[in-house]
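Two complexes, one shared chain (subunit A), two partners (subunit B, subunit C).
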Partner chain A sequence: MRALEPWVVAPLQTFITESSARLILLMTTSGQVVAQHGFARSVEVMTAAALGAAIVASTEELARIMGGSRFAALVHGGAQQSCMLAAFGTPRGRWIGLVVFGTETSVGLVQLFFDQMVEQLVSAAPREQAPATPLPNDFERELDTSLKELFGR
Partner chain B sequence: MSEAQAALQRVTQVPGIRGSLLISASDGLVVAERLMDGIDGRAVAALAASLVQRLDRATNHAGMRAPTFVHLRGDKGSVLAAPGRSDLVLVAVAGVDANLGMARVQMLDAVGRLV
Partner chain C sequence: MSLVNFAAREITCKIVYYGPGRSGKTTNLQYVYGRVPEARRGRMVSLATQTDRTLFFDFLPLDLGSISGFSTKFQLYTVPGQSYYNATRKLVLQGADGVVFVADSQARRFDDNLESLQNLQDNLLSQGVDIRQLPVVFQYNKQDLPRDLILSPDEMDDALNFRGVQSFSADALHGTGVFETLKGVSELVLKRLAAGSAVA
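Moving on, here comes the complex of A and B:
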């Protein structure tokens, strides 16, 4: 498991242990990766983050058009592998969790422990805001550094 | 009243039963529930479904039939589960003073009536 911020590690580790999820990706709503577990290649993480953020944006817009509040979670059930995508608020802004799980667990367990992880993340998050620099000059270098941290290379 | 609600009503009428749920075993999600305040139905459903599935696998690997009734006893009460057809499981949360024999009879009868 790799995380950009150390306070994310403990809640995420507990979630992985309790839920038996195969893969998890935590990201911001703009698709910036915060932590990941189970992904082998950085390109997979970046693709999954971009797609996950886009799907959440689409479902939130769909909910707005339908006149309702946001959807709590989106679950794609598969025969051997399923996927859950859920957005949640943190003191650091709105984040998205993408979880892939197999038949060794269930959507009920994943949702239960995901909600517990969100509570733990919210209480563990430092209250001061991270500096808001949408696209710094050294963006490419920062991205490269973040990916190295996430994959240990 | 639906079959599911009728089954839950029968179980919750047993003295000492604090609530009952009909859950999906494979998903661990609540199908119907009738619970006292303070019981997290979602958590009970997810964990009871996991327990029933694991017991099912364990007995299967041991060459035995799947369990027809599960009784998980704790210091402050019990969780009872009766697997039925169509992936459904009838679950009851019982206090320490519950009439567990009556609960078992009612649950097995109720789950047998569910399609």
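Moving on, here comes the complex of A and C:
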């Protein structure tokens, strides 16, 4: 498991244990990864986050156009594994959870424990934003070197 | 907004390629995808129509490697250029750290470029973002076309680049200017981060 901030770890760990979810991804509404469990490659995590955020954003926009309230959760059912997407508010802004689960659990259990995790996250989140911290002094110099290396220019 | 994880020493930034339909936004990402080593990139996702026009977005995750001990990753997005898809363009633009405006250098697309640039400003404003505060670079694509069909980079600058930001001539299909553009916007985004103004 990897988490951007340490207070996310305990609620997420409890959710994974109780729900038997295979993969979980917490992200901001713009698709930036906050925490993840179960993914092998970081670049695949980013792809899943981008797609998950896009699905939630587009369905929320659809709900707004239809004059309704936001959808509580979206569930895509599959033969071997299913996927649930749900957005929720935290003191750190609006986040999205993407959960992949198999036949060893059920959508009802996943939703139940997901709601509990959200409550725990909301109560665990520090009320104050982490202070902006400048990056190291040599950041710009190393940035130039890294960009030249990657782009070959 | 960029995410900086000081505990895991990770930086993730979102860069959006914007511009009118068929200006070459997807082509830019396809070229980058084809040239960056596999270990440094993820799968390129294209949510496109049956005729390969971008429907929602293209997405390419890039790993820049370690910079000052920070594992640095970029998320490259394109928006659908057709005016019909403005709702999805707005969604993709959410949380962008930097924008590459890909303009079509053909003289007949002059109005389309202006309309798209105005649309970018409007969509950013609707999200409370002032375009003057956001790292933006211009790319004047299709400069390989015959001279009588296109505007020169100076003419494109006069028409679009009111703020005098960095601009790049390009032929995205063959790669000219693609990496220069990406490097330009990357530097702006990360230098802004280094100054501490966008650290989440």
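Convention: the second predicted complex is superposed on the first by the 129 of 153 C-alpha atoms of A that agree within 3 Å, B and C clash if a C-alpha of one lies under 4 Å from a C-alpha of the other, contacts with A are read in each partner's own complex, and residues count from 1 in each chain.
Assume a contact is a pair of C-beta atoms (placed from the backbone, for glycine too) under 8 Å apart; a residue touches a chain by one contact, two chains touch by 3 or more.
As the structure is a computational prediction, the values presented were derived from the model and not from experiment.
In the superposed model, C is the one of subunit B and subunit C that contacts more residues of subunit A. Using the contact criterion defined above for the overlaid structures, shared-chain residue A:Glu119 touches neither subunit B nor subunit C, since it reaches no partner. Of the two partner chains placed by the overlay, only subunit C lies in contact with A:Ser42; subunit B stays clear of it. In the overlay built on the shared chain, the residue A:Ala50 is in contact with subunit C alone; subunit B does not reach it.
Look at A:Val33: by the touch rule set out above, it reaches subunit C but stays clear of subunit B. Chain contact summary for the complex, subunit B toward subunit A: residues 23-24, 26-29, 42-43, 45-47, 49-50, 53. Residues 2, 4-6, 28-34, 41-44, 46-47, 50-51, 54, 57-58, 61, 130, 132-136, 138-140, 142-144, 146-147, 149-153 of subunit A touch subunit C in their complex.
Of all residues in subunit C, only 1-8, 12, 14, 36, 40-43, 45, 47, 56-57, 59, 61-70, 72-73, 75, 77, 87-88, 91-92, 94-96, 179-180, 182-183, 186-187, 190-191, 193-197, 199-200 touch subunit A in the complex they form.
Of all the residues in subunit A, the ones that touch subunit B in their complex are 105-109, 111-112.
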